[in-house]
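When the chains are written out, they are named A, B and C in that same order, and each has its own residue count from 1.
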Amino acid sequence: MYIQGILILCMINAISAVGLAVFTGFTGLMSLGHAAFMAVGAYTCAIATKTFGIPFFIALPMAALMAGLVSLVIGIPTLRAKLRSDYFTIATLGFGEAMRVLLENLPITNGARGMAGLARFSVLPTVFLIFVIVVFFTKNFIFSRYGRMAIAIREDHIAAEMAGINLFQVRLRSLFFSAACAGIGGALMAHHIRFIQPNMFTNVQSTLLTATVVAGGMGSITGPIIAAFIFVMVPEVLRVAEMWRLVAYGALLVAIMVLRPQGIMGYREFSINGIIRYFRNLGTKQDKGGTVS
Amino acid sequence: MSISLEIKNLSKSFGGIVAVEDLTFNIKSGEIMGIIGPNGAGKTTVFNLITGVYQPTRGQVIYKGQDITGRPPDEIVKLGIARTFQNIRLFKNLSALENVVTALDLKNPMYNLASTFFLNWPFIPGKVKRGEKELRQKAMHYLELVGIADYAYKQASAMPYGLQRKLEIARALALEPELLLLDEPAAGMNPEESMELSHLIRDIQQKLNLTVFLIEHHMDLVMEICDHLYVINFGRELAEGNPEEIQANPAVLKAYLGEGRKGA
Amino acid sequence: MNFSLIFQTLITGLAIGGIYSLMAVGYSLIFSILNFSNFAYGMVIMLASFMGYFAMSKLHVGMGIALFLAMVGAGTLSFFNERVAYSSLRKRHAPPLYFMISAMGTSIFLENMVYATIGSQYNAYPQIFAVPTIKIFGASLGKMDLFAIIFSIIAIYILNYFIQHTRTGISIRAASYDSTVAEINGVNLGAVIGLVFILAGLFAGISGVFLGIKYMAYPNMGWITNKAYVAAVIGGLGSLPGAVVGGIILGVLESFVSVYVSSTLRDVFSFGTLIIFLVFMPSGLFGKYLEEKV
């Protein structure tokens, strides 16, 4: 039971992290507001199932959709304005804060007290199935022309535009996708812990999600999944108190940036294909020597 | 010959600095036009204004009779204008082949979003996988065209500098443009290499029936391949004509000798 | 409409606006030189607020000395923040994203360090004035608020003088205009950046103590220290006059919104303003928004 709980948490975090990886890792924009999308997903699902008695398997896609739609509220104006990346990050941070304050003050969310007594829908097989589906979709998305457009933007957004890529559209699509994943993560979380409160979705939560992606490697899908599992398991196993955990995460983030900014996996994927490609590249590695100057 | 691109009274200032002032010129379809001028004359800025990277302060850019002033870059590319960059802007962490494949998507969308989500199963060949394979073959063709097929699987940033410039050209060609803008394609090359490049540009221009507009400091290359030249200095028009006329123009000589000259 | 209520709301707004200005000045100083958003700055302010609290309630010193100690402490902390979390990124010319992640890491680290070692409780400063309010035009005004307004004005004036008229100040301005060019011209960039972080820390020290006196000292102060960048964005990131004006405008607007609209919606209003400015006026009232050079 205890092991199951940890596995469920790992996969829930991995779902949100994979979503954010599609955004941050593949379009080069950092969000510090994704906890807000988790919150939207969690509340949508909780209200749908508890208040309106809608079945979970319908409520869950609703949660994803709602989180995605809410992401458009912040995404459309900021991405259309093509804000500098740091201004965008500040905007998402502000958005996350504003959303939390709203949740604390809306009647339907029961304010700061939150909602208790939610049904336990997030059992291991369900979570596993959803995890697999999300990873499958993500992988298909990234290794398609749509993912390629996002990667091009991360690599050089001006060259990407000059390759006919519509910056706004691609970034918004990635943001929507990542918000929907965060929404699913939030919804599963709500029906795992069976209690939600606005202050579970602070910017610390957003930052942790970003930390997972960064630690795993911006530009990788498997990296953030591995990182999500490590981030949940290690403190659980060591039974570290919540705040010391956060102290360690904070120090870890700084250490990664200072020592190994490419994260665990860098731009690579943990896969058979990747290993094959690695060896194929070795073949062409012998350099022609001096560059032309 | 019809007109490909018309520039009318184009001006751009950054804060107080006037980078480009009241330029007017035409590029005819199928010709190779060169724009030259000392460092900081505003050549790259002209490219940025044509391709929508910057918004002009005044003036118009008309492409095949259509006013494209101030349109975003991705729309301008779709209309058939592609470019390379002076300070190479490749997708550094991707392979040469992937750089070209990215550009191919524009004119060759092989599948839609729904099919990537629902039809792309592991180990099962489908529309998505077929499309990807076809794109790779096409991309290889462009790498061959500029002579860097051997580097297809090499990471772009690990390629020699001169070949990175060629890769930029291949990527631009993959957009299937009618008008190609080249910003100092021979920068950093020695005289033989730049001569070889000029032949390459000529060949490609004829094979693909392109109009070419290029910035270059290597005068031998410019005089060799340009049908027509436009000279600017301090953002303003200095002279216009064919290479012989420009070489004999006293104002041009003065600007170049007075300012010193880069490259060579 | 009641005149004394309006007047009181205005003074309350100016007092909190003065603190916002102090915070925004520190935040903007760092932005102007490193061109990134130092999210750790808020936690430096929070720690300064604790330093002031401990000085006054445990060491029983007066407010002046507490202010001084908090400024020294926050200045030191801010300096080491740069050396540990940013200096190697700067030398590598890392993208702004990395700076922000490192800043966020520092912020989480500091905040939770306080939770883990000091605890989450609210710590009230000892009373400073025996009679805390005075009556002017029928409005009862906090003496501390008036003091904060005056002190903020003086501190900002001194900083401005320093930056405009001293040699070191000129180096700072040169480095914030173009750090590479400044370095070529003999500015010791490492030293200037260290100094900027210390200056920002001094402002964090002052604002931390004032915030602590007003709202108590506790680790979860991020909701208010975040106003530093809201104010800085309104005024224009990287602009010092902008930071001052932005802080005052934000303080006064918030004060009126909480009195005349709803105090719970105050923060939604602030962050909404932030987003509106970022989208429609990214250069704020006084800043410059540079077109990327291609």
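Simple rule for what comes next: a contact is a pair of C-beta atoms (placed from the backbone, for glycine too) under 8 Å apart; a residue touches a chain by one contact, two chains touch by 3 or more.
For clarity, every value in this text was computed on a predicted model and none was experimentally measured.
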Selected interface, A-B versus A-C, where C-beta contact pairs are more numerous: A-C
Identity of the most central chain, Cα criterion: A
Where subunit B and subunit C are represented by their mean Cα positions, the distance between them in whole Å: 47
Gap in Å, rounded to a whole number, between the CA centres of subunit C and subunit A: 30
Whole-Å gap separating subunit A and subunit B, where each centre is the average of the chain's CA atoms: 37
Touching two or more other chains - residue numbers and ranges from subunit A: 158
Shared-contact residues (touching 2 or more other chains) in subunit C: 294
Where subunit B touches two or more other chains at once, by residue number: 53, 85
Touching residues (chain side subunit B, partner subunit A) in the complex: 51, 53, 72-74, 77-78, 82-83, 85, 89-94, 98, 101-103, 105-106, 109-111, 113, 116-117, 120, 128, 132, 150-151, 153-155, 158, 160-162, 171, 175, 188-190, 193
Contact footprint of subunit A on subunit C as seen in their complex: 35-37, 39, 84-85, 88-89, 94-102, 104-113, 115-116, 222-223, 226, 229-230, 233, 237, 264-265, 267-268, 271-272, 274-275, 278-280, 282, 289, 292, 294
Footprint of subunit B on subunit A - complex, ascending: 137, 140-141, 144-146, 148-149, 151-152, 155-156, 158-167, 219, 267, 277, 280-281, 284, 287-288, 291-293
Sites on subunit A touched by subunit C in the complex: 28, 30, 32, 74, 77-78, 81, 83-91, 93-95, 97-98, 101-102, 104-105, 158, 203-204, 207-208, 210-211, 214, 241, 243-244, 246-247, 249-258, 261
